[in-house]
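Below: the structure, in structure tokens.
Chain IDs A, B, C and D follow the sequence of writing; residue 1 opens each chain.
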Amino acid sequence: MANFKGHALPGTFFFLFGLWWSVKCPLQRTWEKRQPGGKQQMPKFFKRIDLIEGVLKTFFAFVGIMAEQFVPDGPHGHLYNGGWIKLMNWQHSTMYLFFGISGIADILCSFPLPVPAGLDRLSLSLALFVEGFLFYYHVHDRPLLDKHIHSLLLVAVFGGAASTMLEAFIQDFTLLELFRSSVAILQGTWFYQIGFVLYPLNGEEWDTSSHDNVMFITMCYCWHYAAALLIVGINYSVVCWTTRRLRENHRPNIEIGLRKTCLTDTSSQKALLQESDEE
Amino acid sequence: MANFKGHALPGTFFFLFGLWWSVKCPLQRTWEKRQPGGKQQMPKFFKRIDLIEGVLKTFFAFVGIMAEQFVPDGPHGHLYNGGWIKLMNWQHSTMYLFFGISGIADILCSFPLPVPAGLDRLSLSLALFVEGFLFYYHVHDRPLLDKHIHSLLLVAVFGGAASTMLEAFIQDFTLLELFRSSVAILQGTWFYQIGFVLYPLNGEEWDTSSHDNVMFITMCYCWHYAAALLIVGINYSVVCWTTRRLRENHRPNIEIGLRKTCLTDTSSQKALLQESDEE
Amino acid sequence: MANFKGHALPGTFFFLFGLWWSVKCPLQRTWEKRQPGGKQQMPKFFKRIDLIEGVLKTFFAFVGIMAEQFVPDGPHGHLYNGGWIKLMNWQHSTMYLFFGISGIADILCSFPLPVPAGLDRLSLSLALFVEGFLFYYHVHDRPLLDKHIHSLLLVAVFGGAASTMLEAFIQDFTLLELFRSSVAILQGTWFYQIGFVLYPLNGEEWDTSSHDNVMFITMCYCWHYAAALLIVGINYSVVCWTTRRLRENHRPNIEIGLRKTCLTDTSSQKALLQESDEE
Amino acid sequence: MANFKGHALPGTFFFLFGLWWSVKCPLQRTWEKRQPGGKQQMPKFFKRIDLIEGVLKTFFAFVGIMAEQFVPDGPHGHLYNGGWIKLMNWQHSTMYLFFGISGIADILCSFPLPVPAGLDRLSLSLALFVEGFLFYYHVHDRPLLDKHIHSLLLVAVFGGAASTMLEAFIQDFTLLELFRSSVAILQGTWFYQIGFVLYPLNGEEWDTSSHDNVMFITMCYCWHYAAALLIVGINYSVVCWTTRRLRENHRPNIEIGLRKTCLTDTSSQKALLQESDEE
């Protein structure tokens, strides 16, 4: 869908997923730290969240495929009729298909099935790789700025694919998860930027052959990433600070309870001490 | 062998090997899980399977070399006579040679010899790398579509080489083995696709300079991979489900046997419990 | 700032940081070894050093941004006025911005906050990556030698980004830290070299299209690196030798003390023996 | 030195080093296995071998630098005289310089000094990288075949640099050491091949613009590697087989000795049993 909406839609999805991951990651880490004895099995709560995430991803992918196929000027499921029909829409559908596969992998991983470890991450990495792969051959024979602004997107896409691939091997490594969040947000906002530049809302066309525009866009890309880092940093801090607050509010009640019953349970006190040490 | 058969033959081999690996991998993993006390030495059964695999690989490689040399229009072992003779056939023979070396490494690894760990994986990785290396310089001076369809193959070849190289370091990592299966299947089906496109059976030539054809082929490549993922997923699920079934069918008999003899062997009960937990 | 000073300033910063890291790294390692029982929590002293390093980095980045913006021929904070204003200065400001972010990450890591492990290294790696990324698109449409001398810089920049990225995963690996020092020094001296070549102080212009000059500059780059390795090696040796000396000077006093009081404390003797073994 | 000798000399050095490594590696591994209780500190014998290797490397590098400088048509230490003097020889000297640095690092690592772990491997990796880096810019503006035959060399050089870099992180991994041996042998024989092709001894010039020659040379490179693998395989097998033989010849005497003295030392018998299990 070569218009502003066609870039805003995937942009919104990536932005929301990036935002959500930057909240989920510190939540999970905090939960793990609270458990005395270090990292343990994820509770059912997080498994359910992963399930919902997978279902949403699959649903969005399905919606994306349907939208690309059945928009008024779409191919409506026809592929060949003397010549190839609307290959752009078919390529976008293919991208959505792999995100759908990634969603299904998420769903499978959230159930207690004997799926291989890291399947969800590898399938997300593959989805990002396929997206980048198709974009790479997508942008030939276009004006300079159009080509450049799309190839900058590839940096985020392949960067995300590589870091998510690493996550399949190094699981629950906070930094990688936050990095994934940040490049997802970057991808999201950059899709919007592409929309603003190529299909300007105020009608003022950009000069797509100007070298100065290319230089500005390159720099602008870095600003987007700085903003993405800021967002991830704020989310991480807020979640950490909030969960810490909640625990502090809960603790006095427990201590009062302990005093009232005059029971000194050493094991729970130890846990409390451990919590204080960690903070 | 620049015809349909010349692409169908290696395609068949890669497809069958990919298919076989996607069955062998979950079989091995299930066997390991069944053993109380976690991962242990592979039993003789799997060592023998590896031996057969190695022998087959070496045999196919030998057949491939012979076929490339002694087909009617082959070089019949002659290399130079004023000019180089049938270099294409010689290059294909060289590719087969390295798969033969990989087969020999498999055979060596299946015997209790002091071979360095990961030799079989590294040699397979080298064979794939050499295949990709020769293909890379193979496709110069060809029409656009011919070049593109061969360079897409390189993605599967080098992807397989890289993941198999990783397997030499991270052994028995299910995800990597399944990934290897999937790219092998992809390579297999893509060889067929190359055959269909460049030497169409129905005689309708493809326009090898059309940009639309290139775009379709790029997308088609992703569909092949989606199909490969589906095949690997189905094989994995069927093997896991079947082995679980077989175990469940065996268990009641054991329990009946236990009741009859009124013997309560704690260690075997523990193993049963452990099995139930895992499922 | 396209003049000698504009290259000397960042060169000085990189050189000083490289020099400082090549001193800090062996200091930390020696301190760790001295502790009986191997690696332990860094003492407050090193945490404070990291804090100062972070503050300095942030300060220098701020100064850099201000300098690029408010030099007489700078953009003074204006970005667009019919056309883009002084994009070079804006790009340099962007580079400094990411080093500022890296400085803030250093500061956060030096406090006992629940920041994810390796944040300081990843953010430094990102700063270097952004520097390389902007330089990469910086040097189009320039004479051969200008282009070449800047792309050689990219080898140090991306090499540093990659090794620092690795440090986020493999923490406290001496070799990686020394490598980072060496490429920082290389970058520093190379910035000076660029300044000398493109804005010669004695006024003798270099022929920027000569292939011989390109060949010399390539070789010269290796000499810079050999010099950087020499500097790092000397610093490492001097620090190791000095700390060893200091310990040896302290030890006799302890031994005399032991003899005087005639107390044979086995645990402290063990620690002494352990130290002798290590040396 | 652009003649046959100039390629034969480095070729001989690389070939001999590759050959030596393929013998040293199984020797070390066998020694480690013989020790009851698995891997231990290397004995002084291996430390001394490493010292000799380092001294030889440094000596050869010194000889190489001197030869490049003081051959009759060399620069004799002069670099600039209105124009750059004999840059080719200076570049070769620079390559030798880094192998000299690597030799010095080997020497340092063979002494009980507090050098960072993996220094010898990293410095070898850097030497190979610098070699490849200089070769990369070396081969511009040359005929097709000349360019191609040199860029094939880069595959071995950068492959070796990458695997040796890995060795700095994953120490004593047999497969990586054997791989290093094989690419060193490949580099050695390929230097000879370059000599034979560009400066043919029988005077028959190769057509340096023929695409067929390029195709043959590409394939020939793979044959060289197959030969290198064969050599490494044979050396590994011979060393393993010989050390096993030697141990078997020693054992009966020990057993006879045990019978004679009628002493049954359980610990030595255990060690013997352990050896039999391993074989």
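Basically, a residue touches a chain if its C-beta (ideal position, glycine included) is under 8 Å from a C-beta of that chain, and two chains touch if they have at least 3 such contacts.
Quick caveat, the model's predicted, so the values are computed rather than measured.
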Fill in the blank from the handout: Top of the farthest list for chain B, CA-centroid basis, is C
Completion exercise
Given over half shared residue numbers means same and under half means different, the chain C/chain D interface is different
Practice task
List the centre-to-centre spacing of chain B and chain C in whole Å, with centres computed as mean CA coordinates.
Solution key: 45
Problem - Rounded Å distance between chain A and chain C, as computed from the means of their C-alpha atoms - result: 32
Handout entry: Residues of chain D engaged with two or more neighbouring chains
Key = none
Completion exercise
In the complex, chain A touches chain C at residues 29-30, 33, 155, 170, 173-175, 178-179, 211-216, 218-219, 222-223, 225-226, 229, 236, 240, 278-279
Fill in the blank from the handout: chain C contacts chain A in the complex at 83-84, 87, 90-91, 94, 97-98, 101, 114, 116-119, 122, 126, 130, 133-134, 137, 140-141, 168-169
